[in-house]
Amino acid sequence: MNTTGLLVFDGLLLISIVSLAWSALASPDARRSVILFMAFGLVLAVAWGRLLAPDVALAEAAIGAGLSGALLLVAVGEQSNRALQDNALRVSERNALRVRATLQWVITILCVALAATLAWALVHALDRATNERLAQIVSENLAASGVSNPVTAILLNFRAYDTLLELAVLLTAVLGILALGTARPDYQRTGPVFDGLARWLVPVLILTAGYLLWVGAHAPGGAFQAGATLAAAAVVLRLAGERSIGLPQAGALRVILAAGVGMFLVVGLTLLLLGRPFLGYPPAWAGSLILLIESAAMLAIAATLVLAFLGGRPPAIAVNEENNRC
Amino acid sequence: MLTAQLLYGLTGCLIVALGLRTVLLHASLLHRVVAINVLGAGVFMILVAIAYRGPGVPPDPIPHALVLTGIVVAVSATALALALARRLTAEQSND
Amino acid sequence: MNLDTWLPLLVVASSLLPGLVIFFLSESSHWLRTALNLTGAGVKLVLVGVMVWGVFHEHSYETRWTLAPGLDLVLHADTLSVLFVSLSTVLWLVTTVYAIGYLEKSPHRSRFFGFFSLCVSATVGLALAGNLFTFVIFYELLTLATYPLVAHRGTPEALRGARIYLAYTLGGGALLLVGTVWLHVLAGPAPFVEGGILHRLPAEYHAQLRVIFLLLIIGLGVKAALVPLHGWLPRAMVAPAPVSALLHAVAVVKAGAFGIVRVVYDVYGVNFADELGLLTGLGIAAAVTIIYGSIKALSQDNLKKRLAYSTVSQVSYIALGTAILGPVGTIGGIVHLVHQGIMKITLFFAAGNYAETLGIHKVSEMNGVGRRMPMTTIAFSVAALGMIGVPPVAGFVSKWYLGLGAVEAGMAAWVMPVLIVSSLLNAAYFLPVLQRAWFRNPGSAWPAEHIPAARFETTAALLWPPVVTATLALAAGLFAAAPYSPLEWAELIAQREYGL
Amino acid sequence: MTDALIWLVAMPLAAALATLLLPRHASVVVIITGVVTTLAGGILLFAVGTQGALSYEIGGWTAGLGIALRADGLSALLLLMTALVMLAASIYASAYFSKAVERARFWPLWLLLWTSLNALLLSGDLFNLYVTLELLGLSAVVLASLGGKTAAVAAALRYLLVGLLGSMLFLAGVSLIYAGYGTLDIAALAHLIEPGPVTWTALALMTAGLLLKTALFPLHFWLPPAHASAPAPVSAVLSALVVKVAFYLVLRLWLDVFAAVVTGAAANLLGVLGAGAVLWGSWRALRAERLKLLAAYSTVAQLGYLFLFFPLLQALPSGPARDAAVGGLVILALTHGFAKAGLFMAIGVIQQRCGHDSIRDLDGTAQRLPATTFAIALAGVALIGLPPSGAFLGKWQLLAGSFATGQWLWILVTVAGSLLAAAYIFRVLGHAFGHQAYPQRPVTVAREEWPALVLTAMAMVGLGLAGAPVWRLLEGGL
């Protein structure tokens, strides 16, 4: 593609991104808004691809647009979920209505000012462009990281600590979801066509997940994308009416949820006790250790995402637990 | 400074502002959750734009890693928000 | 362990530690609580005795503990602090005995005696404070420790009194704090040094120093009940009698008056304060308070209220003595710190005895009480006459020196009339009380006789404290020239303050 | 010795997993973790005191490429406070949640929160800070929602959205910094930083995000409902620690990383907002009808005092006076942490024993629980800032700094706020003097009453009388 063509492509892409964002936010209809948001995510994924960020593109498509969208869409679909749609969070509605018009203007102007300031700062920042150095250091150390995909090297070696805490964030969220309540009622069973589709789709998704996990070491992919794909398989099962959707019983489920953070800690602390730094993999072992951590992380991520999607424990494993709070 | 960097970066700024406006103004919880996700996407866009080095040049992988982390954190938060909303609905119908 | 550095701390701790333990005692451990109280008071007495002897022989006792850079908690024994410490320690011992007799059967004893001990610890702490920072700490602690005592009875009236007390004292405390910090920023730590430290500051600070003085005196004036900051004192009358005794004689108003003495003599220096023109204002405020308090006392039928207004008036003699430049006036003011304490505590003990034994709360109910309760009434009479200034009771000595000091300082023109008028007013509100008590016939029945006359007119624990303090008041006057008497000690202080 | 840094994060995190997998033994795990973490915090503080700032490069990668954990006097002090408060609150919580199911839910999240607090205080990397902020926010939200009632869930939801907005603004700032300076390591950044559009905008965005999280007036609106409707042990750490570490980050950015580019006008703006917080928070606390709401508004006010220090520190030339003020700021923050945690626990005891926390109906309550009332009194005195609490030393420095720089306004605000605090505290304590029946022994429910007493005594006496090392530890720091 020549530069002009690329510029036109960029322009169209950006215009659609902005207009999708705008219409997703402006649409008063919740379902429409969510669908537009998913579209926004997909177009973003294209943009990431365009900017040579295939890892991000994959994650955006699977998680950002796909999973977030699915979560939101399902939530909107619940007729019973009033809190989501009505204005429960407004402090005082009457007051809000009265000052609304003025407020709208003030906030709009503020946001325009913010965008302008951000842009001004960003232009200056890009002008300085001093971040070659760090990228250089990454590529110099890539050989010692145990993987050849620099993004995976950063996520699971150089900045593995971030990822450890990120898995802790996921764990927190899923524990929160479990603490907050029970699963939604079952769906209507879908038709036989979908059942047939599911029978094909699920194995393919599982295989894809395994592939993504393995390929992450040297090409776009990794635990998060793999986990998301695995979760997708479970979601398909669920949509097909399978109640336990392959999730184990409560005790084992807890082990899986803990596996991501747990494997990280086991590896990190073992190394520490062996006299190496925390998470300081010996270069010879780095590849295997990363794969080990990623496998555990994938399972945990998948279980987490499925539980997030179910909004709680699936009925089959729900512990009989009354809310006897005072 | 590359044109693409600038274009995508500035669009990111715009998206941030759009998201923020809805967070501050919109009354419905769903819209706020969507808006925070949009805001986040704007920030991610700035990061990915920063990483870009032009066609055929390997980009800076660090912002990519950061964005990956950010995306996962964002989906966790979104899931939690929805679970809270579901519980709120249940409590409200109990009251 | 070096006694010189530990003694001041031990003096404070001897009441603080028992107090903290008492909080956690169960209500029924009567004997343990009493034993702790009395042991603490006894140990403190011994320690203070050692300290008095040491300071007289120019020994230096100082405990220093750094709280923050440039902010040291200093407990230091000098002549002035030892005077106040001795007063508090002796009167605390007596008051503790009295309080045990007065309150051991009422609820919340552990709380009461816990705060009671904290209160005296705070008083002793501020007496020993070696700099203004330390003084402020104990001054605020005193407020905190006395609030629960004033509120102790828990009636709406008591709570109201406590609330007003708190509003006044915390407000005053805030001003004192602001003034102290300001001074600290200008002049660094303000150690209490005989003769003061501030005269070394350059002249451009003088305007600020005047404002700071005002802040400090207002802050201290609240506790010292300088008019118009006295409003809390009559209302705090709702507290149990031992608490009133504590507020009026041992701790609170004394803390204010003592603070004024410290600020004038040991921070500013009396000569420098005079140079800045600060003493006249202080003197006028004191004079107004003396007259105003006496006039208000005249019209009070409630005995404790009459005594309260009397306190308002009498405590300002101390401030008046401070405002009179020259050693003789100083002696008069400082010796009155002790004399007023002994006399006023006697009056409150007696008033408490009347209320507790016969249910008498008003002057108009006192007809003939002298015959029913002779010992108590004799004690009351001695103290009242002392307050008027009748020789040979202690109060006479104070007024004599104040008058003499005014003449020496050339301030006789307005100080003498104030002294004469206030003495006449004192007589006017005390003599009718004595006349009723001794020379009128009792009515058919006492308002509410709680304690029948047996071997003594009331229980021993209530009877002996006023008798002891009245004897002390008499002795302080009779033996004013004896070594270690309050007067002798005040003269020693004046010598060191003026560098004589 | 530097291994202590990573253990401080890894231990609570590992314990979170342990309590998730072994819910039956959770209480033991938590208490052991608490004790060991506290010891580690103590060791760290000692090490920082003797050797100066410590750092630990995770994975052995140099900071910049990898992530470094760092501890200086400020972070070590806050870490130890976190450990002590969390330990006391853990003991308290083990009695507070009476049902096994409740405890099983609670402990893993509680330890995740602890992990995030330690991780945030130790983090030396801007993006890592963002992740810790999210972990902190999410775990705090879930814990706050465990009250379960409509009010608690609604408040938690709002808390979540505010927290997310705050984190996103922070991340936007971080992105700009990376774009402009090419590093995320804050120690490296502190050397590179120079004034300009990138720096200012980034600092403004990060600060705005953190101010939301630390609930500085007028961004405090979410705090009172969230803190007032959470279970008591959660309220205790939300008020004492969670908002405090966000404040720590503001402090770190303004006085350390970005110190070279902060202007007087910006510092004054923070001061003015702080003044608003002091006055508004105290006023609302005075008007509150429930104890927990009172405590929550008091948190808004107390955070305000901390921001009053910014204009002073900006105006004071470096030297002893400024060092004294920095110490005052830190000791004020520490005192508030201990006192407020103890206060919320004490209120929790009242709420559980008596079924309410309405201030008007406290009469009999205060009589029945003398030790708890005493704890409230100690906490209250520390909140007012009377001696011998650490807050007294803090406010002294605040006043001294104001006099030294001629910024009179803050003196008025401090005095007014303290008097208002006295009013709202003694409004509660006035109820302690009724003549209702009272127990023979002062302490009736040991496992719930002692932690509050110990924490408030720490605020009152510990920091007030033994606080001098705080200044020494901060020397050469900020």
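Letters A, B, C and D mark the chains in the order given here, with residues in each chain numbered from 1 onward.
The working rule: a contact is a pair of C-beta atoms (placed from the backbone, for glycine too) under 8 Å apart; a residue touches a chain by one contact, two chains touch by 3 or more.
Treat the numbers as computed from the prediction; the structure is a model and nothing was measured.
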Note to self: most contacts are between A-B
At the largest C-alpha centroid distance from subunit B we find chain C
Using the mean of all protein Cα atoms as the middle point, what chain has its own Cα mean nearest that point?
-> D
Using CA atom averages as chain centres, what separation in Å is found between subunit A and subunit D?
-> 30
CA centre of subunit A versus CA centre of subunit B: separation in Å?
-> 11
Averaging C-alpha coordinates per chain, one finds the centres of subunit B and subunit C separated by a number of Å equal to 69
Euclidean distance of C-alpha centroids - subunit B vs subunit D, Å | 28
Mind pulling the residue numbers of subunit A that touch at least two other chains?
-> 83, 88-89, 118, 122, 125-126, 131-132, 134, 138, 159, 162, 166, 169, 172-173, 176, 180
Pull out every residue in subunit D that's touching 2 or more other chains.
-> 127, 131, 134, 138, 141-142, 145, 148-149, 153-154, 157, 161, 172, 176, 178-179
All pairs of touching chains, each written as two labels joined by a dash | A-B, A-D, B-D, C-D
Give every residue of subunit B touching subunit D within the complex, in rising order.
-> 16, 20, 23, 29, 32-33, 36, 39-40, 42-43, 46-47, 50, 62-63, 66, 69-70, 73, 76-77, 80-81, 84-85, 87-88, 91-92, 94-95
Per the touch rule above, subunit A residues touching subunit D in the complex are 83, 88-89, 91, 117-118, 120-122, 124-126, 128, 130-134, 137-138, 141, 157-162, 164-166, 168-169, 171-173, 175-176, 178-180, 254-255, 257-258, 261-262, 265, 268-269, 272, 276-281, 321, 323-326
Subunit B contacts subunit A in the complex at 1, 3-22, 24-35, 37-38, 41, 44-46, 48-53, 55, 58-62, 64-69, 71-80, 82-90, 92-93
Can you list the subunit C residues touching subunit D in their complex?
-> 23-24, 26-28, 65-71, 73, 107-108, 110-111, 136-138, 140-141, 143-144, 147-148, 151-154, 158-159, 162-163, 166, 170-171, 173-174, 177-178, 181-182, 184-185
Per the touch rule, the subunit D residues reaching subunit B in their complex are 127, 130-131, 134, 137-138, 141-142, 145, 148-150, 153-154, 156-157, 160-161, 164-165, 168, 171-172, 175-176, 178-179
